[in-house]
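Both of the next two complexes hold chain A, though its partner changes from chain B to chain C.
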Partner chain A sequence: MKEIKVEHLARVEGHGAITVEVDGRKVKDVKFEVLEGPRLFETITLGKTPAENLSVVPRICAICTLSHRYASLRGLEKCLDIKIPEKTHWMRELMLAGEAIESHSLHVYLLALPDLLGYPNAVAMVTKYADSVVQGLTLKKFGNSIMELCSARATHGENPIIGGFGKFPTNEKLYAIADQAKTLIPYAEGVIDILGNMQYPTFFEKETVFACCNPPDNQYGLVSDEIILSDGKKFSCEDYTKITNERVVPHSFAKRSLYKNSPFSVGSLARVNNLGDRLQERAGDAYEKYKNARWKKNPVYNNLAQAIELLYALEQVPVYVEKLVELKDPPIVKPKRQSGKGTGAVEAPRGTLYHSYEVKDGRMAKVDIITPTAQNYEDIEKYLRLAAEYMVSEGRKDDDVRFQLEVIARAYDPCISCSAHLVKLVRK
Partner chain B sequence: MNPEDRKTKQLPKVGIYGLTSCAGDQLTIVNCEDQILDIFGSAEISSFLMAKSDNTEGEIDVAIVEGSVSSKGDLEMLEDIRKRSKVLIALGNCACNGGPQAACVAAEDHKERMKQVYGDVKWSLPDPIDAKPLSAYVKVDMQITGCPIDKWEFLRALGRLVKGDGPIPISYPVCVECKYNENECLLFKNEMCLGPITLAGCNSVCINHNIPCFGCRGAVIEANVAGEAEMLVNMKHPQFPDRKNFDYQDVKNRAMMYGGNTMAELLDKAKVKGAKK
Partner chain C sequence: MTAKDVLERLAEIANRRTAFIGLGNRDRGDDAVGLRFIDDLRHLNPNYFFSEEQGLESVILGIINDQEVDDVIFVDSCDLYREPGEYDLFSLESVDESISTHKVPVSMLMALIQNKGKNAYLLGIQPRSLDLNQEISEEIIDVLHGIEKIFLKNLKKKSK
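What follows is the complex of A and B.
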């Protein structure tokens, strides 16, 4: 018996490890381990005010900070019976588009592309792929600038608050980002072509179930109170436990999710698979050009899906800006009640994120947060197992096995510091 | 540094590490899009797990560590980093103050909270430990705080360090920057603002957006925490009939959100008039 181990999964956010137990040419066990300390976020805000909760929960994750903030706002505003005005709604959509641009460009260009082109990191790619690196950094910076404009900081900005925004940006600044978004569209189209024309390994392919938010009016989007599954079933986000159905396993502090007893995937690939037909304009063209039955069974296509969503988000920025500049800055909407329940669902870059709350007399009484990585965990392990079994049975070298497993794990863009429930696992 | 020097002179070795946190401070480094190539050019980044795969773990000149110590694994890693580094920098609120995960320290039993989140499970893992800042376990040479860190403060510090200089610590509260920015004081608007006791360096970004300071950079040196708490629980004034007093527990909750143990100790020592403890 021996172990093939990826001790520190690099180019992901947080600490992860993969362990494969091998007996001859048979795989005994595959574990995707999370080496991240417990943070117990769901107990931090109990007894505190909703404003306190809103400030601290985005700190679960630096990359998805605004998704957490948006999901939290949707949950809290249901609890407090707040209906937000139109301008606030579009500002929130804009900030989420900014986050998608930032997160997807970081992952596609700087974390995943080195794998696909055979480099240890993005800086090393500069000699041969300087254009790609510079374009990636430019897009990421642009995404950050939208997040900064909407939330006051690139990370953990406090400007979006319950009932509105502390301050709305000026129309001049909004026009400037709309103009810049248009100029960056060719970059996204370029990386879609790179990823779309690449050959991907097939030996771990297997169909899975995909879940994502189902935006109203047959639109593509990142926000909804309804969840749609690839088998066509729909349900309200208030019933999120039907799908997330978390279970705790003794060898991992990460809670895990199953749908009808099978693992499922959330994230870009899930959204593009479930809602891709709704994509319009150039993102729609890119989808039509590259759509492929293998998307339903190969997680490595997640990078291409992210690139298509990057293009979608860039095209949405001017659309949101057009709406925002026409509207007057509304005042903050005050809570109508101090007790209530509610769940907010938002598509974070890595998948559906749920924040479910109960507020009693103006203090947090229940907090439940389900992160995308917690939902993907089981499926990541499934694909790692499939890949490991095949490669070990073929007698491939440990280094090859290690590299291929890392590529699969990284394709999911696992956000390991999403440690609302993700806790340290023993290092063997 | 000019290219000729770079060939002959050995660059300082820098390792960037993360313990338990949201990785937001390392992300802020990655977010230095215009400077990231210069960062990799001015120092030998021997380890930066979040950004690269070819990492080596040996003797280093500067260790930059994000995150709180929240597990035995974190502690082992930190002790190892300390042993092989000349200068150790605590990066961000979690490393400097314990972070939000330290907000419940002293308030509730850690085991009880583990049970609340995970249920009654018999773990095959060693017990995780309560979140603490780096300085609780090892010597910390310099702190760059904030949730997240300010990118420019980091770049200035790194620039000085790779040239062999020491850091320039900030010694004044957020209010100083807020005044420079000519904001109207939010305390007058009956907001629970922690600006007077919070370390500056953020350019009062929240107050610039009409949002009160949550204290994400931790306590400023010699913070008058008792004075701040006393003011917040006694906001009512004959001249301002609309004002309301804040509940002492709410003030304490907010101060501890990012102030962790330091704030808890300062509040415990303080005798706050009008506070129902």
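What follows is the complex of A and C.
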């Protein structure tokens, strides 16, 4: 018996390992271990005010900071019975689009492309694909600029507050980002074509269930109080525990989620699989051009799904700006009550993010936060097992096994720090 | 390289048109050494001293299109497996980096800079402590001041 280990999964956030126990040409066990220590955010804010909670919980993640803030706002505003004005809604949509552009451009151009183009690392890729790297940096910078405009800082901005925004940007600044978004659309279309025309490995393919927010009015989007699953079921986000069913496994600090006792996936691929028919304009064209049945069973297509969403987000920026410039800056809405319960769900770049709260007499009484990566762990482990079983049965070299497993895990763009880190391949 | 070799090499680089980028985290003790280097020397020419806090992608996109820059030095605390305060200058080939999904890899940025015809280096300083909410260690500050003298001397000479 031997173990094939990937001691530290590179190009993911946090410390994780993959361990594959092998006996001859048979896989005995595959473990996706999260080695990051528990971060205890859900207890830090107990007894604090909702406003204090809102400032603390986005610190869970430096890249999905605005998704956390938005999900927190949605949960808290339900607790406090706050209905936000239309302009506040569109500003929050804009900030989420900015975050999607920033996060997806980083992952697609700078972290996933080396895997998919067959380079051992990003440095090796630069010689031939320097222009793609520059495009990725340009898009990331643009996403950051939107986040900064909406939240007052590129990371952990405090401008989005309970009931509204501290300050709205000027129309001049809004028009400037709308114009820039239009000029960057060809970059996204270019990377979609690179990813859409690639050959992807098939040996670990298996159908799974996908979950994501189900925006109203048959729209594609990143926010909703309803969750839709690829099996046709729909749930109120208040019933999120019926989907997530969290449990603890001995080999991981992160909790795991199972839907109907089976793994499921959230993220760009889930959204594009569940809602892709709703995409319009050029993102809709890209979806129609490249969609295929293998998207439902191969997680590596998540990279292409992220690229399509990058295009979607760029196209949405001018749409949101047009709505924002027509509306007057609204005052901040005050709470109607000091006690209540509520759950906020938004689509972070890596998938559905839940913030569920109870407020009693103006103080946080219950906090439950479920991150996308925590929901994806079981499905990641499932695909790692399928891939390992095939490759080990074929007698592939350990280094090849390690590399392919890392490619699968990285396709999920996992954020291990947020969920509580990835691959050890150990032959025993 | 020995400390003397590094200082001589830095003096040589400082005589050319060099941009500096400080990396690190101000909340983690000696990890702020790269940022402190920029804080201390930015007054010499704000157009050539940058910090990670300004947004790395913005800084890099500016530098690769700047015809006035020949060399780029990233300054950061690095685990060199040496004594605290020891330092070394590395080229891209020597940088083996743990990459995260939350940051653009520095090695990729160095590769991009080289692809655009410029030289990229990493000046790594061995930290004493990376503990949260700590100031930079005094011994690391002393070492930093020693390195800064090289640039102060050469850059001032150049501006005369």
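Following the convention adopted for this analysis, the second predicted complex is superposed on the first by the 414 of 428 C-alpha atoms of A that agree within 3 Å, B and C clash if a C-alpha of one lies under 4 Å from a C-alpha of the other, contacts with A are read in each partner's own complex, and residues count from 1 in each chain.
Convention: a contact is a pair of C-beta atoms (placed from the backbone, for glycine too) under 8 Å apart; a residue touches a chain by one contact, two chains touch by 3 or more.
Remember, predicted model here, so these are calculated numbers, not experimental data.
Overlay on chain A: chain B and chain C clash in the combined arrangement.
In the superposition on chain A, A:Ala348 makes contact with neither chain B nor chain C. Touch criterion not met for A:Leu269: it reaches neither chain B nor chain C. Number of chain A residues touched is higher for B, counting chain B against chain C.
Once chain A of one complex is fitted onto chain A of the other, the partner contacts of A:Ile380 are absent, as it touches neither chain B nor chain C. When the shared chain is aligned, no partner comes close enough to touch A:Leu324: not chain B, not chain C. When the shared chain is aligned, chain B and chain C each come close enough to touch A:Ile63. In the overlay built on the shared chain, the residue A:Ile370 is in contact with neither chain B nor chain C.
In the superposition on chain A, contact of A:His107 is made with chain C only, not with chain B.
In the superposition on chain A, A:Thr138 makes contact with both chain B and chain C.
Once the two complexes are overlaid on the shared chain, A:Thr127 sits against chain C while remaining clear of chain B. In the superposition on chain A, chain A positions 8, 10-14, 61-63, 106, 110, 121-123, 126, 137-138, 140-141, 144, 154 are in contact with chain B in one complex as well as with chain C in the other. If you check the complex, the residues on chain C that touch chain A are 55, 57-58, 60-61, 64, 92, 98-105, 107-108, 110-112, 115-116.
Looking at the complex, you find that chain A touches chain C at residues 8, 10-14, 61-63, 106-107, 110-111, 121-123, 125-127, 130, 133-134, 137-138, 140-141, 144, 154, 413-415. By the touch rule above, chain A contacts chain B in their complex via residues 8, 10-15, 35-44, 47-49, 52, 55-56, 59-63, 65, 106, 110, 114, 120-124, 126, 137-138, 140-141, 144, 152-159, 161, 165-167, 248, 250-251, 253, 255, 417, 419, 421, 423-427.
Touching chain A in their complex are the following residues of chain B: 18-25, 27-28, 30-31, 33-34, 36-37, 40, 49-55, 67-71, 73-74, 99-101, 103-104, 108, 110, 113-114, 116-119, 121-126, 128, 131, 147-148, 151, 205-206, 208-211, 214, 216, 250, 253-254, 257.
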